[in-house]
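For clarity, chains are labelled A, B, C and D in written order, and residue numbers in each chain start from 1.
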Amino acid sequence: MQNCSLYLLKTILIFTELQINSMTEESDAKKLIAAATAARQHAYCRYSEFRVGAAVMTEDRTIIGGCNVENASFPVGICAERTAIVKAVSEGHKSIIACAVIGWSDVPQKVIPDTCLTPCGMCRQALKEFDKDMTIYCAAKDGSYETVTLAELLPRSFASKNLNV
Amino acid sequence: MQNCSLYLLKTILIFTELQINSMTEESDAKKLIAAATAARQHAYCRYSEFRVGAAVMTEDRTIIGGCNVENASFPVGICAERTAIVKAVSEGHKSIIACAVIGWSDVPQKVIPDTCLTPCGMCRQALKEFDKDMTIYCAAKDGSYETVTLAELLPRSFASKNLNV
Amino acid sequence: MQNCSLYLLKTILIFTELQINSMTEESDAKKLIAAATAARQHAYCRYSEFRVGAAVMTEDRTIIGGCNVENASFPVGICAERTAIVKAVSEGHKSIIACAVIGWSDVPQKVIPDTCLTPCGMCRQALKEFDKDMTIYCAAKDGSYETVTLAELLPRSFASKNLNV
Amino acid sequence: MQNCSLYLLKTILIFTELQINSMTEESDAKKLIAAATAARQHAYCRYSEFRVGAAVMTEDRTIIGGCNVENASFPVGICAERTAIVKAVSEGHKSIIACAVIGWSDVPQKVIPDTCLTPCGMCRQALKEFDKDMTIYCAAKDGSYETVTLAELLPRSFASKNLNV
């Protein structure tokens, strides 16, 4: 009888924890997407006209936003995710636990409203360097988003372990 | 009776095709890894001392090798896979069907013999632009290799479709 | 006689202005180098062990610091100057009037104390995009610095005008 | 009398050498610009529509061409000059003595016929790594070109000496 009660209690606790986790994650997603959307306004994207915002959450739950910053020499530009990463690192953070990205074109006829934006391969690699079981929220213009992990987006990653550094 | 024979014949044909495909793939892997290993010798890697070779196979089955070319300003360097890609494109190729990568450190104590090298995220993104159902052979120093697809290494990729270009 | 006095007054005014300009510039240099040195502490430079800090001054005289943020895949890293630039742009700034850069190795025997650090070509290109008659202060570990302009460091630059954008 | 003849002879020799040098340089420029123009045809530039060709001359006077190879994620693209550089290095060359660059938009109304194209800062940095008193021929669509040195285009450069490597 006692065992049964204990088991029931345990089940309730696990269920509650799962719910709390899920609520936290939903709340994180919303906060990060809001920060990414705010940062998006400052995007300097005169060459692609594709305006992107991103935000990272550091281990201590600080949220830092970034936008894409392009250059006449295209390879010199920096994507929104990497802007957010280097801002975080330059402010003393070393671990990132979540990242949101949102973006659509300034040109109305090029907007695809319900397509969730994912980080490019270069940004996945940049995120990997500071990865702490990172969750990525890929948002669309219409507010919808998909939740993935960095491990899913960059499987079998190349990292410092390969350099033995 | 006739049906049965036809079925048997069909099965044999499929089986043979699978075998041929598998042999071709094995042969492709070997050729590409050999080309990557040859290209590796020319790597200019004085900063990382991590010597990498790569080779791509274009749609018409031409094999083109490349190596990493580093720079004192690290972000200006170019990985082996991307050297191979831009060589191929600058010679008129537009579709890549396979790629091999192999690399290990010039510093003996940093060599990890049996670790298959995978492309970094930036190179996965570069390969994506010319992707034709691409197979990637990730090789280790000891000659072993793993076969993956670019779709597996860069799921939910960001690509030209996102820009509506 | 009056003319002569006027002339004298004018000369004094010009001289004073020049002195003030020179003092402002000296003061700017010191503030920017201090900000660059502070940002340098957060550099993530485990691969090069070359720790760099930079700071930019925007048109409204806001000072924003940055550091280098490296990656296991070297080309994915971002230099200190570009970290400072993207931070500034992501906070709404669009014109940069001055930049300081300072850096030396974490490895004592690799330090060259009195060598002024200059931005790499990639960072010069990145600075160009937001150039407002930019002055660059290239600092050495020992506190000395050289003053140059971006126009001197990147003559005949490639820029948006070439793309007709 | 004898002295005078010797002096005259010497003057003639110097003059001839200068003429030969000048003719060689002119001939080099033409060959390199032709190679750059040929390579330009293969440019993959669907995002900028700015089609660029480049060619480098190695120490043993081999000429190798390259074109720009862009990517949906703009920073992942590679400029024409760097394509030529990595091709050269991957074929065993380590010193570059000259480089030509030519380019204009695929969009007729964006073409600026008589503007000589110069390498971007990132390419200047990439060229620096293999610099052997490099001459750069900056060509315009109309066939005219300007001759500069890499030392002029990237003064006070950041290079391996700064890393003490």
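Note that in this section contacts are C-beta pairs under 8 Å (C-beta built on N, C-alpha and C of every residue); 3 or more make two chains touch, one makes a residue touch a chain.
Note that the structure is a prediction, hence the values are computed from the model and not measured.
Enquirer: Give the chain pair, either A-C or A-D, that is connected by more C-beta contacts.
Expert: A-C
Enquirer: Quick check for the class: compute each chain's Cα centroid; which one is farthest from the centroid of chain A?
Expert: The most remote chain is D.
Enquirer: Centre to centre, by mean C-alpha position, how many angstrom separate chain A and chain C?
Expert: 31
Enquirer: What whole-Å value do you get for the distance between chain A and chain B if each is reduced to the mean of its CA atoms?
Expert: The mean C-alpha positions of chain A and chain B differ by 28 Å.
Enquirer: In whole angstrom, how far does the Cα centroid of chain A sit from the Cα centroid of chain D?
Expert: 41
Enquirer: Of all residues in chain C, which are in touch with two or more distinct other chains?
Expert: 47-48, 70, 72-73, 76, 78, 120-123, 125-126, 128, 158, 162-163
Enquirer: Give every residue of chain D touching chain B within the complex, in rising order.
Expert: Against chain B, chain D makes touches at 39, 42, 44, 46-47, 65-67, 69-73, 76, 78, 82-87, 89-92, 94, 122, 125-126, 128-129, 158-160, 162-163, 165.
Enquirer: In their shared complex, at which residues does chain C touch chain B?
Expert: Residues 47-48, 70, 72-79, 120-123 of chain C touch chain B in their complex.
Enquirer: Show me the residue ranges of chain D that touch chain C in the complex, using the header's touch definition.
Expert: 48, 50, 105, 109-112, 115, 117-126, 128, 138, 148, 152-158, 162-164
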